[in-house]
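You will see subunit A twice below: alongside subunit B first, and alongside subunit C after that.
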Partner chain A sequence: METSFAITGKGYVLVAADTTAARSIVKMKTDEDKIKILSPHLLMAYSGEPGDTIQFSEYVERNIRLYQIRNTLTLGPSAAASWIRRSLADSIRSRRPYAVNLLVGGYDTSSHTPELYWIDYLGTLTKIPFGAHGYGSYFALSLLDRYHDPEASLEEGIATLKRCLDEVAKRLVVSPGKYLVKVVDKDGVREIEI
Partner chain B sequence: MARRYDSRTTIFSPEGRLYQIEYAMEAISHAGTVLGVLAKDGVVLAAEKKVTGKLLDLSSTKEGGYGGSGEKIYLLNDNVIGGVAGLTADANSLVNYARTAAQRHLLTYNEDIPVELLAQRLCNLKQGYTQFGGLRPFGVSLLYAGYDPHYQFQLYHSDPSGNYSGWKATCIGANNGTAQSLLKQEYKDDIEVKDAIGLVLRTMSKTMDSTTLGSEKLEFAVLTLDETTKRPKAKIYKPSEIDALLASEGLMKKDEDTEMKAA
Partner chain C sequence: MSIMELNGGSVIAMVGKDCVAIASDLRLGNQALGLSSNFQRIFPVTDRIYVGLPGLGTDVHTLWEKFRFRVNMYTIKEEREIEPETFAHLVSSTLYEHRFGPYFIEPVIAGLAKTPSGGVKPFIAATDLIGCLNFAKDFVVAGTASSKLFGMAEGLWEPDLEPEDLFETISQALMNAVDRDAYSGWGCVVHVITKDKIVTRTLKGRMD
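The block that comes next holds the complex of A and B.
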C-alpha cells in the first residue's frame, strides 16, 4: 500500500515515496514518481485518492510557479506549506474535497535550514523532524524515534531511511516493492539511488 | 480649451500627459516633508507635521497606541512602517488598504508580506485610477520602510501614478529637491542606524520651514532587527521620545519657547 517517508538531517531533507500505482488489488505500474519538485528548493511527496493526487499536486505546482513569476521572489518552505494547508482546508469545506496527504520538504535559502511539514487531507499542518504517511508510518515512526538524528550526515540519513524501508518490507503484508528517493539541500533538489 | 483634458483622470492630453495625475503630484510637493534613509542595520523615517497649534489636543498621541500622532507615520504591518505625504484623508484610506493587504498575506502564507509586494499591492490600486477612472486619483505619495528575509532592510517610494522605486535615501513632500541633494552629498553606503538618525534629523532641520525642531512639528520612526528574536522591530517615537532624541543630537529648539516645553 501507498507509503511515504521524510526525514531531516544536517542541512537536508530526505523524501521517499513508493512507486506503485494500484487500483483495487491490481498493481498497474511500479515506476510512478509521487514526489513533485515545486521549486528549486522544495519537494512534495503526495499520496491518497489517485485522481485527486495528480490534480491537486499539479494545482500546487503551478500556483507556486505563478507566485514566483508574479513576484520574482520564491516562496519559502514555511510559506508554501501554509498556502498548501489553506488550499486543503478550503477544499475539505467544499462540495468535492481532495483526499490527498502530503509531506513537504524544503531548504530555506534565507535562514539556511532544512524544513519538513506534514500535511493531511483535513488541512492539518505540523512542522516535524521526520514523518510518514500511509501504512508504512505504523512501522517507521517508532524506528525513527529511536534512530533519527537531526545532525546526521546525508549518508547516515540514508542509512536510517533504509532501516525504515527494510522494516516495512519485512512486516507489512502489502508492502511496496520499490521506492523513489529525493533529497533537497542548499544545492537544490536531486534524486538519489537507494 | 486649455482645460479640456484636465477633468478626467483617464484621458491623455494631446501631449500624452495625464493632467490629474500631475496635479496630484503637485499637491504632494506642497505637503509636509517625509524623509527616509536606509541603513545597514535598519531604516529611519521622519516626517514634518503640518497640523499644529497650541489648541490642538494631542493628549491621545502622548500615551497609549503604538506611537506617532496618526498624521504622517503609520505602522502598516509588523515589518513595514509607512510615511505619507499628500491628502491625509486619502492616505488614511490607503493605509487601511495596505494593512488589509498585509494581513491577507499573513493569513495565506503565515509570514510577513515582503516589502516590495506590499508596495506593489498599493501601486496596483493607485494605477487603477489612471486607467479605469473614478473621480480622482489618490493624492498621496508613500515611503515604505521595511524588512523581509529576501532583501533585508528596504526603502520604497510610490506616487499617485502607481510607479514605485527602491531607494537608499529619499524624500517626498515640500522641499524634496533640497533634501535629496543634501542626502546625496551626505549618504554613505555602509551607514549605520545611529548615524542615519543624525543624518535624517539634520536634513529635516535644514528643509523644514521652521527654524527649530520639536516634537510638535516632527514625527519619527526607526525599523531595526530585534537582537534576540531576529524579527523586525518597528519603533514609532512618542513626542517625549522625539524631544529626548533631538536633545541628544543637539538639535533641540532654543530655550525661549518654554511655554511649549511646559505643556
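The block that comes next holds the complex of A and C.
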C-alpha cells in the first residue's frame, strides 16, 4: 500500500515515497516518482486516488510556476502550503473532490529554516517536525517520536529514515518494496540513494 | 465515525472580573492517531477579541480565513474595530449561510466590550455548527471534551475571579477535562484578556 514519510533536520527536509503504482492487488509499476519538485526549494510527496494525484500535483506545480513567472519571486513553503490547502478545501466541497494526501517540504530561503507541512484530502493542514501518510504512518510515527532529532545532520537523518523504512518492511503486511528519497536544503532539491 | 470528532479538540471560555479567558488543547488527530501536538485553533480577531474554532481541521482554517476577511472588511467600512457582540453575530450569520451544508465547527468567542463610560465588560459566546448563538454569563465549552468541560467548569468556576485566579481556574478545568477525553489533549494554550494586556501561556499536558 502507498506510504510516504518526511522528516526535518538541521537545515534540510527529507521526503521519501514508495515507488509502486498499484491497481487492485496488482503492482503495475515499481519505479513511479511520487515526489514532485514544485520550485527550487520546494518538494511535494503525493498519494491517494490514482489519476487525482497526477492531475492535482500537476495543477499545483503549474500554478506555483505561474506565480513565479508573474511575480518574479517564488512562494515560500508556508505560502505554498496555504495555497495548496485552500485548493483541497475548496475541492472537498465540490461535486467531485480530489482524493490526494500530501507532504509538502521546503527550505525557506529568507528565514533559512526547513519546513514541513502535512496536508490531507480534506484540506487539513498542520506544520510538523516529521510526518507520514498511508499505513506506514502507524509504524513510523511512533518510531520517529523516539528517534527524531530536529538538530540531526543529514547522515543521521538518513539513518533515522532508514529505520522507518525497515520497520515498515518488517511489520507491514502490504509493505512497499522500493522508495524514492529526495532532500531539500539551502542548495535546493536533489535525489539521494538510500 | 462522526465528522465532528474526526480531528478532535476542545475549547473553553470563562468570564472573570473585568477579564475573560479562552483556552484550548493543541491536538490534531485522525481519529485515534495523533498527528500534531501544536495545532492552534484559537485566533486573535482584534486586540480584545479571540475566537476558538473546535471541530473539523480543514474548516478551522477555512472559517478563520473567512472571519479574518469579513472582520477586515468591517474595520475598513466602519473605520473602527468590531465589538465582541457584533462579531458573535457575524460568526452566527456566516455559519447560517451554510445551513444545509455546514462548516463542522462550533465557535467559541471571548472578548472585552467597551462600555459608554470607558470601562470594559467581559463577553463570551458560543454557537453550534449552524450558528445558533449561546450568550453565557459564566462559561462556554465546545469540542470533543465538552461534556467533561461542563462538569469541570461547573465545579471550579465562581463569579468575579481576578485574572490570575481565572487563569488557574480555566487551566485546571481544561487540563483535567481533556485528560478524560481520548481525542483532546497533548498540551494546552490559555489566553487571558484584560483591559490593558493579553497574557498567553502554553501548558504542558499528558502526552497519552
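Simple rule for what comes next: the second predicted complex is superposed on the first by the 194 of 194 C-alpha atoms of A that agree within 3 Å, B and C clash if a C-alpha of one lies under 4 Å from a C-alpha of the other, contacts with A are read in each partner's own complex, and residues count from 1 in each chain.
In the analysis below, contacts are C-beta pairs under 8 Å (C-beta built on N, C-alpha and C of every residue); 3 or more make two chains touch, one makes a residue touch a chain.
All figures in this text were calculated on a predicted structure; none of them were measured in a lab.
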Pick one for A:L141: touches subunit B only (first), subunit C only (second), both, or neither.
second
Scan A:A79 for contacts with subunit B and subunit C and give back first, second, both or neither.
first
If you stack the two complexes on chain A, which partner ends up touching A:S110: first (subunit B), second (subunit C), both, or neither?
first
After superposition on the shared chain, which partner residues are touched by A:G123: those of subunit B (first), subunit C (second), both, or neither?
second
Kindly classify A:R93 by the partners it touches after superposition: subunit B alone (first), subunit C alone (second), both, or neither?
second
Of subunit B and subunit C, which one contacts the greater number of residues in subunit A?
C
One more residue to check, A:N71. First (subunit B), second (subunit C), both or neither?
first
Taking the two structures together, which residues of subunit A meet both subunit B and subunit C?
86
Which residues of subunit C touch subunit A in their complex?
7, 28, 30, 33-36, 38-39, 56-59, 61-62, 65, 101
So in the complex, which bits of subunit B are touching subunit A?
107-111, 114, 116-117, 120, 149-150
Show me the residue ranges of subunit A that touch subunit C in the complex, using the header's touch definition.
85-86, 88-89, 92-93, 118, 120, 122-128, 131, 137-138, 141
Which residues of subunit A touch subunit B in the complex?
71, 73, 75-76, 78-79, 82-83, 86, 110-111
